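Common to both upcoming complexes is chain A, partnered first by chain B, then by chain C.
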Partner chain A sequence: MAETARSFYDLKYIDTLSSLDSPVHRIDARAKLLTTGVFIVCAVSFPKHEISALIPYFLYPAVIVPAARIPARYLMERAAFLLPFAVLIGIFNPFYDREVVMSVSGIPISGGVLSFVSILLRFVLTILAALILMASTGFPGICSGLEKLKIPRVFSVQLMMLHRYLFVLASEAVRMARARQLRSFGGRGTGIATYGSLIGHLLLRTLNRARRIHTAMLSRGFHGEFHQGRPFRMRLSDAAFTAAWCSAFITFRFVDLPQAVGRIIMGAGS
Partner chain B sequence: MSHHIVEVRNLTHTYPDGTTAIKDMSIRITHGESVALVGANGAGKSTLLLHLNGYLTPGSGTVRIGDYPLTKETLREARRTVGMIFQDADDQLFMPTIYEDVAFGPHNLGLPREEVEKRVNDALSRMGIEHLKKRPPYHLSAGEKRRAAIATVLSMTPDILVLDEPTTGLDPRGRRQIISLLREFTHTKIIATHDLDLVLDLCTRTIVLHEGRIRADGQTGAIFSDLDLLDECCLEKPLSMQGCPLCGRQR
Partner chain C sequence: MHMADAMISPAVGGAMWAVSAAGIAYCSRKIKNDPDESKVSLMGVLGAFVFAAQMVNFTIPATGSSGHIGGGMLLAVLLGPHAAFLTIASVLVVQALFFADGGLLALGCNIFNLGFFPAFAAYPLIYRKIMSEDATKTRLSAAVILSAAVALQLGAFSVVLQTKASGISELPFLTFVALMQPIHLAIGIVEGVLTAAVISFVWKANPLILDIPCRKAPENRIPVKIVAAVLLAATIIIGGFLSRHASDNPDGLEWAITRSTGKEELESTGNIRKLLASVQEKISILPGYGFQPAGAAAAPDSVSPETGTSISGIVGGSVTLAFVLILGFALKKVLGRQQDRVSDGPGHG
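Take a look at the complex of A and B:
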């Protein structure tokens, strides 16, 4: 259960990062959202055996992470923490797909191994892009950015409330789990039956809280509309940021740069 | 001014599960009064408070805020007039930053942006928390959250403040700060609490609820001197009215 507490404090940490100031933090949320979206779509849309063409995409985190003053170590840890999921998805590929597609200095490499590595690379890239967006924009920023991009307000408000009460709910869950752990000896009482009851209580508490929040909103004249305080201004530099990165991503998608570079070097050598 | 009056007449409320939380209750609170609602857990304090801003509708009887009975048509005005501060500040602070939270009410009242800004800054400085403006609520301490919650209501310039347990979960200094801030307010105040020393500090009048009815209503000093009454309603003398625990000397 210590794991629950850990991931909870982790969320708070990424929130703290997003309240810092840097050139990346100051970029309009919409610009960053669009850039991240194009990045992810480009990275995941390659054919399954692609590896070399994915490499140039690491340029984006390599530039943005230092510029946004996000501790690289933290990002690595997060990506490593989530890596098992990607491993699980791709682990059987080398067994199913044994057809040798290439060989590197005499060692035959099967299509399965290639696609496995490709999955891992894409996974790391998308996770990095998402974490960078979170750490440099903050959740409320992302929500209002989405809203300005004409995502229905219901969704952005839902997301915002979800994020706000995630902390409250998580600390409640952590407290309940701790209370259970302190009274269950030798693993007794940690079974699925008490787990069900614990979750049930959490749900009831959540419903009660939702009701109280609604009362609080009504008492302050809420009638179905949220006003976002910060005015959004898309500056020229924001547009330039999106345009430059997106065209880079799209170029990387259609031109295999590492191979092209390789060919040039080989051509020069011969 | 007559419009700061709160009047409850023959109010009865039964929850859908059949429990009658309030039975035939009548109260009249006039302009500028500071009134405490005390009573055991489940005596009906919270249910009564939820009627004062129209969240619950009376089973029978009426609630009047100012010069109007509380109905669907007057609900909006009543909710501006009566500022409700809830027991759990987390329920009241739901926006991404404190600033936006304090601006939530004024925005909903449809005020222009400059006016909203002015009111938010006034409310924040009144509660001494301007420096917390840009912080998200979950990073604050309980005392800061409580002050922020009060600011969210002050920004709507209510005439009547209704507070549910304003001092629970605060450290002694935080509690003292809240009491001093509340003392400066000239609003009509209705405070539901178990903190009887706070009542002694802030409220001239005390209403004792017992099992959904008004058991006593009068001067705070007189109420807290009636030991039989206090005992019957699961209450005790405020600590500051009890003898010294070391030497037994009475004040």
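Take a look at the complex of A and C:
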């Protein structure tokens, strides 16, 4: 119960964040989509034992998160919530890949441990990229950005419709779940029989609602297209944003900066 | 069951993106030409309904744990294959963006695994086949449960294939299959039972919602097969082609670098050495840094090349991380102060 309410508030929370205003929010959605895409592909394309070369990629969240006024705490909580899934898949690597690849002051480290850590790093990076995109652009912005990038109109309308009714139906469902919770003692009535009719009722109500919505939309002149308030124009600063970040990501991909920094420090020390 | 970006390679992610994009384009064209205009709003609202339904849990008997519906098969039964595929895809997009549940690069994989199999495999080949004769409640439930379970089995197997093709997880193929399939059989049956409970309730309350008995299937039959064939062929061609390029080229590059710098002995002993070697080669070919020959000359035996790389990697990594963190905090301080001065109000809800 607490968990379902929580996921509903998460939904609302990130939607609220995306309606704030900041320099990052004002950047064209297409520019941010492209930057996020290049970020993810670069971060994921490393060989599986790579660790140090992934670290420079934290530069992007470190700059964008404060600039977009996203609470870092929220992102960390979200990442911590999802981390068990990454652990679940990566945890087998240390057991199956036992070949010792390197040793740090005498402690041998196997390839499996390296790739496990690498999976965790990639996981955190890609999650941050997705959440930052969402929190700094907003779902309608992303949809119209995608539409400008030529995804089928039917699909972008579908995404926007889904987003519009998400909150209405979800709050209805949370209310139903709470009502059932208050009436069930010792977990009675939370089984499958009640579940079927509960969700069935929700579905019937939803279908009726869909019919009313459709009629209402038609009578207001809906022709299969949503209009966006903010005009879409790729400015020079948007292009510069994408170009600068993408070239940084590609540089990080081919030049292992931490390794070089480490060598300089070690070299200076010896 | 949602795949994360961290588990897949760009080649697999890209190939599955292409496949799912083709599926979305095909289904969008189908829906656009559908004379039933109310389907658009129906799809949108039902997509939202899946989220809403996931906010309500039920208790799994005798285990004490709770679960909720996935919704793929429910959408297929209510909407038919094309509209269901689009709706499932839109639900997955929202999950990836709002919850970071399933990555953006992995979105193609997830749409294929969770959308294609219920809509274009289980629905036409199992559900429709069973429901083609006169429908009873038992028949309906059996059809729903069976197709939900089969769809999830296929999806889970597809997850295994995509993960193996990406080469990030070290889990042997058979162990992975033996882990995934039974778990998802249980999940699939639960999902099927839940879906059947909801569908049979709706059928009892308002049978017209489900368009059930139909012998008009023939016009539907051929396109579905064509889609399946095209998508399969595309997966094989793109997957095979891209992954070959992805795996051959870097090796070729490494090989070229090793050759050109004349350190052939490094390339022989396995992938990891090759990887470390390529890292070293990259550093050694950076012209501006004079430290490497000096370091190598100073301690030729006491520090093996791998250890050298690993220690400098750790040192450099921590320094970079510290730098990035400090930068982030500083930015937050500076920008926070600025923004508060400019506009203190609407943001702090």
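Keep in mind that, in the parts below, the second predicted complex is superposed on the first by the 258 of 270 C-alpha atoms of A that agree within 3 Å, B and C clash if a C-alpha of one lies under 4 Å from a C-alpha of the other, contacts with A are read in each partner's own complex, and residues count from 1 in each chain.
Please note the rule applied: contacts are C-beta pairs under 8 Å (C-beta built on N, C-alpha and C of every residue); 3 or more make two chains touch, one makes a residue touch a chain.
Here the structure is a predicted model, which is why all the values come from computation and not from measurement.
Chemist: Clash or fit: what happens to chain B and chain C when chain A is overlaid?
Modeler: Taken together on chain A, chain C would fit alongside chain B, as the superposition shows.
Chemist: If you stack the two complexes on chain A, which partner ends up touching A:A179: first (chain B), second (chain C), both, or neither?
Modeler: Once the two structures are laid over each other on A, A:A179 reaches no partner at all.
Chemist: Looking only at chain A, is it chain B or chain C that touches more of its residues?
Modeler: Comparing touch counts on chain A for chain B and chain C gives C.
Chemist: So, does A:A244 touch the first partner chain B, the second partner chain C, both, or neither?
Modeler: neither
Chemist: If we overlay the two complexes on their shared chain A, which of chain B and chain C does A:G221 touch? Say first, second, both or neither.
Modeler: first
Chemist: From the CA centre of chain A, what is the angle out to the CA centres of chain B and chain C, nearest 10°?
Modeler: Computed angle, apex chain A: 100 degrees.
Chemist: Looking at A:V168 after the superposition, I want to know if it touches chain B, chain C, both of them or none. Which is it: first, second, both, neither?
Modeler: Touch status of A:V168: both partners.
Chemist: Between chain B and chain C, whom does A:I109 touch in the aligned arrangement: first, second, both, or neither?
Modeler: Second partner only.
Chemist: After superposition on the shared chain, which partner residues are touched by A:L131: those of chain B (first), chain C (second), both, or neither?
Modeler: In the superposition, A:L131 contacts chain C only.
Chemist: Given the touch rule stated above, what does A:I213 touch, chain B (first), chain C (second), both, or neither?
Modeler: A:I213 sits against chain B and chain C alike.
Chemist: Please work out whether A:P140 is in contact with chain B alone, chain C alone, both, or neither, and reply first, second, both or neither.
Modeler: Only chain B; A:P140 stays clear of chain C.
Chemist: If you've got the overlay open, could you tell me the nearest Cα approach between chain B and chain C in whole angstrom?
Modeler: Least C-alpha distance after superposition: 7 Å.
Chemist: Which residues would you name on chain A as touching chain B in one complex and chain C in the other?
Modeler: Residues 15-16, 139, 160-161, 164-165, 168, 209, 213, 217-218 of chain A touch both chain B and chain C.
Chemist: Which residues of chain C touch chain A once you look at their complex with the stated criterion?
Modeler: It is residues 4-10, 13-14, 24-25, 28-29, 31-32, 37-38, 40-49, 51-59, 61, 66, 68-69, 86-87, 89-91, 93-94, 96-101, 103-105, 163, 167-172, 193-194, 197-198, 200-202, 205-206, 209, 250, 270, 272, 275-276, 279, 282-283, 286, 289, 291-292, 294-295, 298-299, 306-317, 319-321, 324-325, 327-328, 331-332, 335-336, 339, 343, 346-347, 349 of chain C that touch chain A.
Chemist: Which residues of chain A touch chain B once you look at their complex with the stated criterion?
Modeler: Residues in contact with chain B: 12, 15-16, 19, 138-140, 143, 160-161, 164-165, 167-168, 209, 212-213, 215-223, 225, 227-229.
Chemist: If we count contacts the way the header does, which residues on chain B are in touch with chain A in the complex?
Modeler: Per the stated touch rule, the residues are 50, 53, 55, 76, 79-80, 82-84, 86, 88, 90-92, 94-97, 99-100, 103-105, 107-109, 134, 136-139, 152-153, 156.
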